[in-house]
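Listed next: structures, encoded as structure tokens.
Next, two complexes with chain A in common: one pairs it with chain B, the other with chain C.
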Partner chain A sequence: MQFKSQAVAKPYFIAAIGLFVGQILFGLILGLQYVLGDFLFPAIPFNVARMVHTNLLIVWLLFGFMGGTYYMIPEEAETELFSPKLALLMFWVFLVAGALTIVGYLAVPYATLAELTGNNLLETMGREFLEQPLPTKLGIVVVALAFLFNVTMTVLKGKKTAIATVLLIGLWGLAVFFLFSFYNPVNVVLDKFFWWWTVHLWVEGVWELILGSFLAFVLIKTTGVDREVIEKWLYVIVTLTLISGIIGTGHHYFWIGTPEYWQWWGSIFSALEPIPFFGMTVFAFNMVNRRRREHPNKAAVLWALGTGVMAFLGAGVWGFLHTLAPVNYYTHGTQITAAHGHMAFYGAYAMVNLMMISYAMPILNGRAANSNKSQVLEMWSFWLMTVAMVFITLFLTAAGILQVWLQRVSDTPLPFMVAQEKIALFYWMREWAGVMFLIGLILYITSFFYGGQEEKAA
Partner chain B sequence: MCAMTTAALIPPETPQKRLPGDLAIWFFILAEMLAFAVFFASYAFARARNVEMFNLYQQTLDRNAGALNTFLLITGSWFVVRAVQAAHRNDQKAIPRNILLGFLCGGGFLVVKVFEYAAKFGAGISMSTNTFYMFYISLTFFHFMHVILGMVILTILWVQARKGVYGSHDAHGLESGAAYWHMVDLLWIILFPLVYVMR
Partner chain C sequence: MSGAFTKSMARNIFYGGTVFFFLLFLALSFDTHSQLPKRDMRANITPQIAEGKKLWEVNNCIGCHTLLGEGAYFAPELGNVVVRYGDEGTKAFIQSRPKDGIPGRRSMPQFNFTDEQLNAIVAFLKHVNSINAANWPPNSQG
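For the complex of A and B:
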């Protein structure tokens, strides 16, 4: 490790992985509830399990982004972090706030939680993915601002590289667009319209900048390709992301009461959204092929290549599948969306965090890379999780196609729940793929504690 | 090894091809043109399904204003070409002068367009009036924004040119900006006949 203060990344990474395990466990509970409706009822109803599953995802990804940033920024800026103490303090604030929120979800009914946490002062709760009680939302803002202050000050006193700048734009964007979670108009159309400014402009906008920046950093470190070459690619990817992604928000505005032109704008611009993801895949493979050194951490390189490919498939291809208005007319809100959501989040954001952790954790532990044995185990975890996710996606896609047919296209359309029963087989198969994913995740964690005897010096 | 020596022995027959401007700006230009291409294709698709309606409302567009704007943009591009040529022959005075003239042509385009929009919006036309007007307003508005971006780029080039940054020693930045300006022109040359004239 080049700078002492990079060590603050470690607790963030550990918390991220811990919450990731929680997310997957709740995913398995949720998957089972699709086929055994009263599983764990009334202790953990479906809506609560779903909320915990998606909220844990967001929180662990944020922990990963912050940890990755704390690791990367001192090295890019070539100076110690502005305040490692602030970073550690914010870690505990965020962890405690996050844990209390999840306990709140599980311990009391959601309406009671809303009452207890002052939702009547400013109504922000009850919206998908942004269910957090007001104090948690405020906590996120405080943590984000302190984090941004810390990181920005570090860059200001140090070297300003293109990679760090893109990362900062992404992170500031993340904070700014989160503010729309506080804006909750009574008009349902406006409510949904601006809700997407957080949700869409995060995952199909500013988060992609964070992804691109992390990927560029790890590729520079592991391949030794010239910074200028990597930065040029990053610029192109960022531009393509913004050209397609910003107005691409329109693909959420097809049927929510907004004017009809959104069907054209949304279709046209979002149809271009796969391009930056394709760019990332080409970028990753191109840089690895042109590598000037063999980095001992082969597992991290595998994650870097994997995130490019899986983000392109999950976000790009599976997104395009149902992004055109005439198609979306039939597929809106079906399992096709769930299929896309699973692979896109895993491919783009889970994998890029796993890549960063895979690259940085050995160095934080004082070695350039984990032992060969450990890396072999980690690569097994890569393939298990990735193949499991491919299966989850394919099974959900099959379920979605059947659902669309039975429920919406057929001459004798079936009611929602009847259609759900008919596609139960695919939900069972998805659940088993989920178990495979969990095994992969356990192996990933195990790999960090395994075969440490033949360590390579940092 | 063998291949290398052979390559070194045979002199290249044609002078090495050079890409004017930065590679990154070309990626940017291609991405922009791709976005417009998808838009143009969507226009064609929508028109094919309702030719009569498109033809009817196309007649309400101000083709004279469109033609004047075409003239302005092509002239603007011509000035920018002159600026690049001036840089290559190191004529320091002519570089900013031609950039400024190009900028003024862009400004003229915006003025004409604002009058055109005012007439249309004044008549109560909006993006929700019908599909033809949706495309007319969307396409011309996106292009309008690109003219503004192009003018911002020209402004930067003008400031740099006055500092004497460009010349026969280095015209890289100037060529990059010029390439972008030509794209703005090129898009209009497709947009104008497609939306205003062809039926």
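For the complex of A and C:
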């Protein structure tokens, strides 16, 4: 590696992968609870397993974002990290806080956890994805601020590239919009309105800036295409992201008590949200086709192409599928949403992190790329996980279409649980696809320990 | 992309476009806030409803159910549960959950709520049902 301080990225990547494994195991528990309702009940009720599943996802993606940033910022700024010690300290703070939170979810009833952790001082818990106890939320703020300070100082003392600037805007946005998680008014409509300022403006806003700059960085390194060309693309893509995504928040304001005009604003602007993702796909393929060198790390290039395609399918196509208000009237809050959520998170954010890890880890281990054998195994894991996720999404979509029909459209609408039992077959198929995903993940981890002949040092 | 379109043009469009659309979003949000009091029924929010919302949160109901379509999709929509079950039916359902669940079926935990807490939860759910949510859900099944 070019700068010694890039090494702090390594523990972040290892933690990210470890938490990813936990996320998938709990995903399998949830999938089984969908069909065997009393599985692990009352020890681990569905809501607890789901909290663990989604919170592990968020935390491992954040570990990945931080690790990726620590890896790429010194190279972009062409200077050592401002404080590698602070980065390592924050790693441990974040890991311990995250682990304690998960243990808290599993060890005591949620109401007890709320009582013990000072939810009465400031009520922020019990809202989807923002279930973390107050000390954890405050811990996230501290870690984020220390991280941003460290990264910003590094950029300020070094070169300020477009890629680094877009990344910093994304990361600062991430921290700023998280602050809305502390605002929980008693008026449930206002609560929901601003809840989306964290959730939507993260995943359909500033996180896409992080995604774009990671992708641009790896494409420059692996294809050797001129930085000017790549950075111009990056600006175009993130422009499209924000001009569609900010007002696109309106697609969450159709049925929560907000005025009807959001059905127009939300439908029109969120219908444009696939465009930046399509741009990313075209961008990735275009740059790889115009490559000026053959980078030995084929696996990283595969992840880069994969994240473009899967983000476009999952976030773009599956998002568009149910984003128009007249369609969403019937699909809102069904398995269609679950289908979209799974493929979008995997395609956009899981895969971009795996791309960065794939590119950076061999270099952190002192070689340009892993051995051919190891890369072949990693590519197998890519295909297994990706195809499994396509199946998960297709089965959930099938379940969702049937659910919408049975429960909301047919002449004799069925109660929720009756409809659920009728579509159980698709939940079983989703669970088997989940097992396939786990096999892919096991292969992925195996690929790190699978030696063979090494490529020469970077 | 042709040579005429430079990186600095792209950068300027990025900053300009982002600022413009964020300001537009703020303006729409501001307008929404002026209209909300007629729709969110805030004038009717009592301490009991506030207590019900807190109970809804600290028991992580959203981890299985949806409320106005948002949440998990494991258990029924509750924004209109009072329409399906009525006040007493809703309370009776929550109260009668077996501690160890129902064999083979998705089960709701037994929360051991007091009568006062049950009344607060139902008051909250009735309040949510009174919100003007543009005719959603499509029917009483949620």
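Annotations
Criterion: the second predicted complex is superposed on the first by the 454 of 458 C-alpha atoms of A that agree within 3 Å, B and C clash if a C-alpha of one lies under 4 Å from a C-alpha of the other, contacts with A are read in each partner's own complex, and residues count from 1 in each chain.
Keep in mind that, in the parts below, contacts are C-beta pairs under 8 Å (C-beta built on N, C-alpha and C of every residue); 3 or more make two chains touch, one makes a residue touch a chain.
No experiment lies behind these values; they were computed from the predicted model shown.
Of the two partner chains placed around the shared chain by superposition, chain B and chain C are both touched by A:243. Once the two complexes are laid over each other on the shared chain, residue contacts for A:94 go to neither chain B nor chain C. With both structures placed on the common chain, the touch criterion links A:235 to chain B and to chain C. By the touch criterion defined above, A:272 lies against chain B but remains apart from chain C after alignment on the C-alpha atoms of chain A. When both complexes are overlaid on chain A, the residue A:330 reaches chain C alone and has no touch with chain B. Of the two partner chains placed by superposition, only chain C is touched by A:338; chain B is not.
By the document's definition of touching, of the two partners only chain B reaches A:264; chain C does not. In the superposition on chain A, the chain among chain B and chain C reaching more residues of chain A is C.
Contacts of A:190 after superposition: chain C is touched, whereas chain B is not reached. Taken together, the two structures place residues 232, 235-236, 239, 243, 259-261, 265 of chain A in contact with chain B in one case and with chain C in the other.
Per the touch definition, chain B reaches chain A in the complex via residues 23-24, 27-28, 31-32, 34-35, 38-39, 42, 46, 127-128, 134-135, 138. Chain A contributes residues 232, 235-236, 239-240, 243-244, 259-261, 264-265, 267-269, 271-272, 275 to its touches with chain B in the complex. By the touch criterion stated above, chain C contacts chain A in their complex at residues 1, 5-7, 10-11, 13-14, 17-18, 20-22, 24-25, 28-29, 31-32, 35-36, 39-40, 42, 45, 49-50, 53-54, 56-64, 66-77, 84, 99-107, 109, 111, 127-128, 131-134, 136-142. Contacts from chain A toward chain C in the complex involve residues 33-34, 36-38, 41-42, 45-48, 50-51, 110-111, 114-115, 119, 123, 125-128, 131, 162, 184, 186-190, 192-193, 228-229, 231-233, 235-236, 238-239, 242-243, 246-247, 249-250, 252-263, 265, 329-330, 332-335, 337-338, 407-409, 413-417, 419-420.
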